[in-house]
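One structure is given below, represented as structure tokens, and several questions about it will come after.
Lettered A, B and C in written order, each chain numbered from 1.
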Amino acid sequence: MRVELDNLSKAWDGVVGADRITLEVADGEMVAFLGPSGCGKTTTLLMVAGIYRPTGGTISFDGRVVNEVAPKDRGIGMVFQSYALYPHMTVFGNISYPLRLKRLEKGEIRKRVEQVADMMGIGDLLDRRIAQLSGGQQQRVSLGRALVKEPQLLLFDEPLSNLDARLRLAMRGEIKRLQNDLGITSIYVTHDQVEAMTMADKIAVMSKGVLQAYDIPEALYDRPKTLFVAGFVGNPPMNFFDVEVMLLGGEFHAKNESLDLIVPDDRAAKAAAKEGRVVMGVRPEDVDVADDSSPRVEGLTLSAKVEVVEPLGREDLLGVVVGGVNVRLLVDKTKRAKPGDLVDLVFNMDNVQFFDPETEESLLWA
Amino acid sequence: MTITEATPPHHSTSPFPKVREKMGRRFAYGFLILSIAPILVGYSWLVIATFSIRTEGLLPRNAEGGIGGFTLSNWAFITDDAVWNAMLNSFLIAVTMVIGVGVASTAGGYALSRMKFAGRKVFLTGTLVLHAFKAEMLLIAIFFVLRWLGGIPLIGGFIGFNSVGGVALVMIALELPLGIWLMKGFFDNLPWDMERAALIDGASRFRVWWQIMLPQVRPGLAALSLFTFISGWNAYLVPFTFTVGTRVANMPVFLSQLISDTAPTNWNLVAAVGMFQMIPLIIFFIFTQELLLNIYAGGSKGT
Amino acid sequence: MTQPLEKEAQAGAAAGTSGVPRRTLLRRVRSTATAYGFLVPTMALVLTFFVIPGILLLILSFTNLASVNFGDPWNFIGFANFERLFTDRFFPKILRNTVFYVFTTLILFNLGLALVLAIVTTNIPRRAGFFFRLVWLLPRLTPSVVYILMWRRIGQAEPYGIYNQLFPEFLGASGGNLFLGGSPWTFVILTNGFVGASFGMIIFTSALLSIPEDLLTAAKVDGASAWRIIRDIKLPLIKWPLLFIATYQTLSLLTSFEYILLLTEGGPGLFTTEVWALTAYKRAFATYAGNSQWAFGATWAIVLVTVALFFAVIYVKLFKFDELVEEPRIDNL
């Protein structure tokens, strides 16, 4: 089913939950709503579910406006962070509840529940009480309950947040596989960007009720359209510098009081067109500590003092200070950097980003 | 009732912690026992009097004026139909109240806690005001309302003045603000996602209430029912005001009639009847202690 | 897709273009109607036993309705009842009694003893504290008639009275009937106070127990004595429950008269322990010389109702009302 949100808004007594969200989810696609808590992603999802009534804009399923359609008539299944299972019913009671409400025939109900339960690997738990299940099992029941009525749209509200790390990883793959196999259009709300990046075909990044970007995961990472997206997507986050971009001796330089770096022409030209200072963004993996393997390059090297070293196992996350700005960089642990070391930083400027400091929009991908 | 000694108290900061603590503890127990003494004395008298010919102070006296005079004769009323009639009336009032308050409070509390509708704020304010307000002051006017209800053809005889139903109805109304408030609180604590899930699964709001939410507030409903039953069972002022004679008298009214009608009052008989009336309360007191303390914290009426 | 969706969708789409969508309006009316459906039993009961009686009481206070002229049409007499009330020979005495009764009981028992009990029972082992609080619940649990029966027995004249037997010639013991002789007020306040104290005790206890243990530990580490902890930490932290109990119980005491009715009936003698609420009740229902003065009783009651409403408003304000009216998080479609 194709889902279109057109200027969808929700406000309570002047407090805006979602502000003119416009996007389209193609049939069979899995879309993630990504953002920090309170960004409006769950509000938007609940409007799609029919739990919240929009205060503006429309929601369409396959081209038909469903704003005033009750949740039960929308053909949706939903999985909640808290699982939202009915504690006074058994597993069978929970999964069969949507079918019982439809007054399906008993044999048919049992057949469909067993089919879904087998698919979820909980076929032997049907007579259990909810309280006797582990978190992972509860989430499977919840997924089974959403799937049993054969919905045309699946909604996920942070379904993995309450699981421990290992289980989360396993369920992530499982939900993705299931969604692929069944081809059900899905919307997946999460604050975890890894979850969004790995599972979704497209990601809608939201902040303060506003849709910041809506694109495929690679594009969000490589071509962030706003400062917020650039800072939010990617972990550890992008480093930002206030610089002025200018043409000096045939080369573009990004300059401020403490740094002077040469920028590739194609990106710099757009940044230079903007008067005054701009925000330059460099990802932690695009900064390295100079040594034999990554030699100093004239115009791309700065010296700085290491303040913090956080070993991440495979790599070290270094915190250095450049002109009063904290900069984070990921370096190979063989570099053995220690706090207090004076090091030379080598910048890879091929992926550099530039943003307008006032509008916070990208100067490259507007 | 068993008291198992458990957790040690807070640490003391005194230089002689053990001694001071022990003193303080003794003082605390002394104070508590002394303060509740009148109630313990009252209950002791009730038990002693119930099985005595007569009492002087707390001492049972036999016919010769010595200590003694144990008897079961005070319990002869057990064979009296009037007592059982009063017992039945008490029971009917209490059970009707449990049902009435239960239905109205769970439905009303759910709507106030969980539904959006025009006028919700007015209802919430109103419930809270009524919760504080004491309806005893309206008894005079309720008297006329009951007389009018009694005039309704067919059902009037069951819900009007001088009927068990009428008393129960007034009592339901008196307990209702507390009941709604209590149930609203219980519904407030339920997760929204569960209700949302049920709506998406295809349930109507009524079905969500009945099949999904009500089972979750069963402990709350049990507490409210216990509270309502006790206040119905103990009801004195309303049945005393709105009933005449012995036919519709409940136990407390029957007992008060027993005290005032017979002169000189047979106190030992009165004690036995009072004791008899307290049997269900004693059972509750022994078996539902935690619940009792909790519901009375939920906002009791009365002084 | 199911059929209803199709119908709704068309309606919604059609509505989208024209100002206030009719379909939407209909939906909203319907969802409000659903809520009112849940409230039908409540509304019926409140209307019958609160709203109508309230209005009726007001109307009654302007008539001269009594059992002697019950058959006649209602006869409106203006403010005559109010004039009669305020010029009543015993009006000052009843007013004094009421104020004395309410504040003495409130301060000594419903607040004072309640607070002491809460503090003491939370400073002894948990099970013991629980046990004593439970015993303190007994007066409230006991049927009023039986409860008063016990107190009457305690204050009875010799040789039956328990107090007279235990403490002859001590603290007002005279050998005679104490609640109808020696010290009726003591007994009125004791009977009400023993019931009233338990409510505050329970509320204060839960407030005291909800004080984070860390805070008390910190105070102890700082060297505060048990008394200082109570004064400097516990009491300030239960300020709101204290205020709540104060208003709630003031109103309760002001309007309750059941125990006084059973114990002294306002006596002994003329209006010795009679309080406002009891006067209202007795004028209307106790048949002096075969006449129930309903209208005059209503006049006493309506004055009390006005005061009670005033207290109820304060009570609502104290309840942090805004938190309670938090919007439900489901829009009924």
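Operating definition for what follows: a contact is a pair of C-beta atoms (placed from the backbone, for glycine too) under 8 Å apart; a residue touches a chain by one contact, two chains touch by 3 or more.
It should be emphasised that the depicted structure is a prediction, and the values quoted were computed from it without experimental measurement.
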Most remote chain, CA-based centroid, reference being subunit B: A
Dominant interface by contact count, named by its two chains: B-C
Distance between the centres, which are taken as Cα means, of subunit C and subunit A, whole angstrom: 55
Inter-centroid spacing, subunit C versus subunit B (mean Cα positions, whole Å): 15
Residues of subunit B touching at least two other chains: 196, 199
Multi-partner residues of subunit C (at least 2 other chains): 327, 329-331
Where subunit A touches two or more other chains at once, by residue number: 50-51, 70-71, 74
Interface residues, subunit B side, partner subunit C - complex: 1, 3-13, 24-25, 28-29, 31-32, 35-36, 38-43, 45-46, 49, 55-59, 100, 103-104, 107-108, 110-121, 123-126, 128-130, 132-145, 149, 169-170, 172-174, 176, 180, 192, 195-196, 199, 205-206, 209, 230, 233-234, 236-237, 241, 251-252, 255-256, 259, 267, 270-271, 274, 277-278, 281, 284-285, 289, 292-293, 296-297, 300-303
Of subunit C, residues touching subunit B in the complex: 31-32, 34-42, 45-46, 48-50, 52-54, 56-57, 60, 105, 110, 113, 117, 120-121, 123-128, 130-147, 149-151, 153-154, 159-162, 164-166, 190, 192, 194-196, 198-199, 202-203, 205-206, 216, 220, 223-226, 247-249, 251-259, 261-262, 277, 280-281, 284-285, 294, 297-298, 301, 304-305, 308-309, 311-313, 315-316, 319, 321, 324-325, 327-332
Contact set on subunit B toward subunit A in their complex: 191, 193-194, 196-203, 207, 212, 215-216
Touching residues (chain side subunit A, partner subunit C) in the complex: 12, 50-53, 58, 61-62, 64-71, 73-75, 152
Contacting residues of subunit C [partner subunit A, same complex]: 1-2, 4-6, 8-13, 15-16, 21, 23-24, 27, 327, 329-331, 333
